[in-house]
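Letters A, B, C, D, E and F mark the chains in the order given here, with residues in each chain numbered from 1 onward.
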Amino acid sequence: MIGVKRIELVVESIEKNEVIQQLERINIRSYTIYHHVGGSGERGLRDGSAFGEKFENITFVIACAENQLKSVIETLRPILKRYGGMCLISDAHWLLH
Amino acid sequence: MQLQSLLMPSVLFFLLGMLAQLVRSDLKMPPELVKSLTVYLLIGIGIHGGQQLSHASFGEAVPALMVALGLGVIVPVIAYQLIWRLSQLDKLNAVAIAAHYGSVSAGTFLTAIAFLESLNIDYEKYPVMMLAVMESPAILIGLYLANNVRNSINAETKGSVSQRWSMLHESLTNGSIVLLLGSMLIGDVVPEKNLQSVLPFFQQMFMGVLSLFLLAMGIEAGKKLSDFKKTGLFLISFGILVPLLLGAIGVTLGRELLGYSIGGSVLVGVLAASASYIAVPPAMRIAIPEANPSLYLTLSLGITFPFNVVLGIPIYLYFAQQL
Amino acid sequence: MQLQSLLMPSVLFFLLGMLAQLVRSDLKMPPELVKSLTVYLLIGIGIHGGQQLSHASFGEAVPALMVALGLGVIVPVIAYQLIWRLSQLDKLNAVAIAAHYGSVSAGTFLTAIAFLESLNIDYEKYPVMMLAVMESPAILIGLYLANNVRNSINAETKGSVSQRWSMLHESLTNGSIVLLLGSMLIGDVVPEKNLQSVLPFFQQMFMGVLSLFLLAMGIEAGKKLSDFKKTGLFLISFGILVPLLLGAIGVTLGRELLGYSIGGSVLVGVLAASASYIAVPPAMRIAIPEANPSLYLTLSLGITFPFNVVLGIPIYLYFAQQL
Amino acid sequence: MIGVKRIELVVESIEKNEVIQQLERINIRSYTIYHHVGGSGERGLRDGSAFGEKFENITFVIACAENQLKSVIETLRPILKRYGGMCLISDAHWLLH
Amino acid sequence: MQLQSLLMPSVLFFLLGMLAQLVRSDLKMPPELVKSLTVYLLIGIGIHGGQQLSHASFGEAVPALMVALGLGVIVPVIAYQLIWRLSQLDKLNAVAIAAHYGSVSAGTFLTAIAFLESLNIDYEKYPVMMLAVMESPAILIGLYLANNVRNSINAETKGSVSQRWSMLHESLTNGSIVLLLGSMLIGDVVPEKNLQSVLPFFQQMFMGVLSLFLLAMGIEAGKKLSDFKKTGLFLISFGILVPLLLGAIGVTLGRELLGYSIGGSVLVGVLAASASYIAVPPAMRIAIPEANPSLYLTLSLGITFPFNVVLGIPIYLYFAQQL
Amino acid sequence: MIGVKRIELVVESIEKNEVIQQLERINIRSYTIYHHVGGSGERGLRDGSAFGEKFENITFVIACAENQLKSVIETLRPILKRYGGMCLISDAHWLLH
């Protein structure tokens, strides 16, 4: 097991491609995505209901090395700034296989 | 026109959906069902439109297309001026709302067709093409207006050139446009004989599926409606009076400029009066992140849509009959 | 009644679903499809019922409604006494199970109708109203019984007054009730001519959709059935004998008290004999958190439902013919 | 980045409104929801399958300030007590934007 | 055969879906809708096949079943040899791909039926039984070949005996097989009169639903197609030439060995030429975790499926007419 | 509140039963499951789209006592080895109820 940073990013689903592209630019190509995520925050209720994904959130979970964290943060911050969302960072251990 | 003939299943299902929200029932439609119904309806309307167009010449369609483009460009500008001058909203919110009225609501359009058919009123075949054409331009106008506003206030979040291109691309390749135009083409080129095999599904089921769809829309509209205390009185009146104004303009254009029958003019009125709640909201969310989505969603889905479906359409018909 | 005519597609699809579970096939129905089918069936049955009621006077329906209410109130009480006295279950689990039998299963009801129609047996139009009326009362009786039990054992989790109100509200505005009553009203008030446009969808497709629904129910029942080792022999016999008893009572009430034909009496029997597996389980989960959901779900969905669909209905018919 | 508490609450979906109302009472209006969550625990298998949400779990993820944690816990505990579920609390960092 | 009669709605909707991907439209079909359509189509084809078989004797079906089994066994072996000898892929990837061609694609089969019907070409009723029979064997052959390869290279991940059993079980109880065989049985045993009630749903809607399904498949194929740069030229030619070869073999077997009409032979050709993209991929994922899923998915769904639907079927017909 | 280990396992959905069975062998019968999870990793994009779950990931979240961690890890590692996936382990507190 090695120590990693666990990044949990909740953003509007319409930004999905934007986030993926920005991550690829800094060579992050591994992530897990949760679709159809609901939520409530400063920008009100997010709830896809009948109109589908476009009014929902998605969550990215990204495990990265400690030394990648800074560039990930710098990459995500402008997106969060423009459209809101949540980004939590915590410590975790990656089970080697 | 007897009052009883106004009792259409589709409109009543819409009201049932709203009522269910009103009494706080847990009635829900599966989200993927609603999306499926939308796909079905767009194809159904497309095939039907295409079938009719196969008997028409393209030349005859040109005036209709011009009017459609004109409405798509001018309506957002008018709406923007009205909102910004009369309300206390800032300019970017005004632009975002205005763009919704420049586009169209296929659900309202279909309800109008069901309405005309239940009264045995004929209508021209071109408005369905106008529907397809009117989905996009308002999004672009919205983007254009927003950039103007931002320039004037020196905003940071100025749309980049690449963003403009991507909005243009998105507004032209929007799923509902592709489905509608594609199905029209299919309905147009496939020989009648071959088309027969799919018509039991896409045509005989159509009105029933529409009822199911409007039930779902009623639920959604009901949810939004309950937000309308927050929206304020100005916006509520806006959501009713603007469609009335635009509907009158549309009916007049249909009757006088295009020379359509009463039925066809009503459809042009509906195109003008209805506000998009599927294609435009996400586009505005991307293009104008500063604007508050709950304002434009409540207006288009919670106020204008129910108004048009229940009262607007009969009013536009009445108006067309007086012209 | 030839044996071959018992071979109904819908029942066979139900068996196919159960069989698929039995051989541990990975056959699955998309959850949102199953919910969509439920919505469709409730509307279909509602419209059809409403259409028939439009030819009836309300007065004639009163006895049917009284019987429906009576069944909804008395059945849970009987079932509660039976379970509590004969099984080793505690009182709260007994109440939760009992409430399910006081309510109804629309799936069973529809299968019975398909069954009668395949045999060309006529039936009265009121049982569909009874179906709508019987969804709720059992939930309230369940809540009432549970509170009595809790008072008697001085339980902590006593339902508060506000909880009672919320259960009352919930049982009356339950999605399936709203859909069923709403569609009945629509079928009733819309003039026949206007209704025509939606009937190809809601009526001609009905039996096919029912088959799809019963296939899904077969899969679910099959899953539950495999839990039945845990349920124990008493509950299994309970899940078969109680519907038989209630079915006999229902048929007799239909025949003798309401004076219905054989077909109509079978339907009343089915209303009495069937147990809810959609509306009541979540209501009991909230009202009686102490009870074990897998008990009441296995009983109503895994035992009583398959029993009624495959054997019960023909038995009630046989019984009605002997009366 | 500031330190926050990350609360991960798994409960039956029928309690959704109850949880939201209780959270609002203590002025927590920001949360993320995951629907259609399956699970297994003391109260058996939770799996919506054909009957939809009513037999499924939902997960709330709530990021709150350290000093709000106590009231959140007090609010959630009675709900967990009555209907079961899981509530995990961990440390995380909130990416300011 | 006029060119215009090739314009079938279902194929055009397939192309529309591919086109939508090509222009990077956001057009999407709800995943649960696509799964629902699959369920519907399998039942529809099953009932129809069963209905026809009820007029046939089992003895007559034996040759067809033998050919189906033969194809299911031999095709993967041929395909494996071709890939392994001609490409640079390792043996396990070659096995995984080969197994897909030994199985079948119900979507392609249905398109072929729609094609024949639009041209009023008759066909035998046995190929639908062959379809059901051919789903499984290729999976088992794939497992067998993979174990051989692993033995020869002494690989660690050797399939255990229990894994073989579980693959056997899985390949025989696969959801689509259960649905297809079950519906055939139902179509076979239910008396015509009782079947009538479900036919409006499962038969009249069939071609329309197929169009919707092919639209969805077009979108998926379009997604995969864009991966084909990665796939390399060899695999692309493989994905086109192998179906041509297998199709020719199938048509010849149909015509010469089974003595079928032109229509029936085309269907046998399609069974041979089509590659599975629903049942086999997950089976290979489990059985051969070393293989790269994007290779076999791209080939079967992104290349062979579109090729067969758009060009292959008419070619097989042309070929059958020349024999 | 007691300290627990939070295990977050992302694997292909076709391994669902395998994981559940293996966990049961070591007496772990409590877990939370998220279906329809997308992702990207060494084995490419995972995205169920039209063909449903079979090409998607699922996520298990398992809270277990510190002393169970070792056996859980030993149980999960061979599965991860064969079919890939991600397993993150972190510290959390379990809210007693």
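Basically, a contact is a pair of C-beta atoms (placed from the backbone, for glycine too) under 8 Å apart; a residue touches a chain by one contact, two chains touch by 3 or more.
None of these values were measured; they are calculated from a predicted model.
K.L.:
For chain A and chain C, what is the smallest step count along a path of chains that touch one another?
P.N.:
2
K.L.:
Looking only at C-beta pairs that count as contacts, which pair of chains has more of them, E-F or D-F?
P.N.:
Higher contact count goes to D-F.
K.L.:
By mean C-alpha position, what chain is farthest away from chain E?
P.N.:
D
K.L.:
At the place where copies chain B and chain E touch, is the share of residue numbers found on both sides over half (same) or under half (different)?
P.N.:
Different; most numbers are used by only one of chain B and chain E.
K.L.:
Which chain is most remote from chain B in terms of Cα centres?
P.N.:
F
K.L.:
Could you work out how far the Cα centre of chain C sits from that of chain D, in whole Å?
P.N.:
34
K.L.:
Could you grab the centroid distance between chain C and chain F? Build each centroid from C-alpha atoms only and quote it in angstrom.
P.N.:
The separation of the two C-alpha centroids amounts to 39 Å.
K.L.:
Quick check: how many Å separate the C-alpha centres of chain A and chain F?
P.N.:
20
K.L.:
Quick one: which residues in chain E touch 2 or more of the other chains?
P.N.:
Residues 29-32, 35, 205 of chain E each touch two or more of the other chains.
K.L.:
For chain F, write out the residues touching at least two other chains, lowest number first.
P.N.:
34, 36, 52, 90
K.L.:
Which of the residues in chain C come into contact with chain B in the complex?
P.N.:
30-32, 35-36, 39-40, 43, 47, 169-170, 173-175, 178-179, 182-183, 186, 189-191, 193-195, 197-202, 205
K.L.:
With touch defined as at the start, can you tell me which chain D residues reach chain F in the complex?
P.N.:
Against chain F, the touching part of chain D is residues 8, 10, 34, 36-42, 57, 59, 73, 76-77, 80-81, 84-90.
K.L.:
What part of chain A is in contact with chain B in the complex they form?
P.N.:
Per the stated touch rule, the residues are 12, 14, 43-44, 48-52, 54-55, 82-83.
K.L.:
For the complex, give me every residue of chain F touching chain D.
P.N.:
Chain F reaches chain D through residues 1, 4, 6, 20, 29-36, 61, 63, 90-95, 97.
K.L.:
Can you name the residues of chain E that touch chain B in the complex?
P.N.:
4-5, 7-10, 12-13, 16, 19-20, 23-33, 114, 117-118, 204-205, 207-209, 211-212, 215
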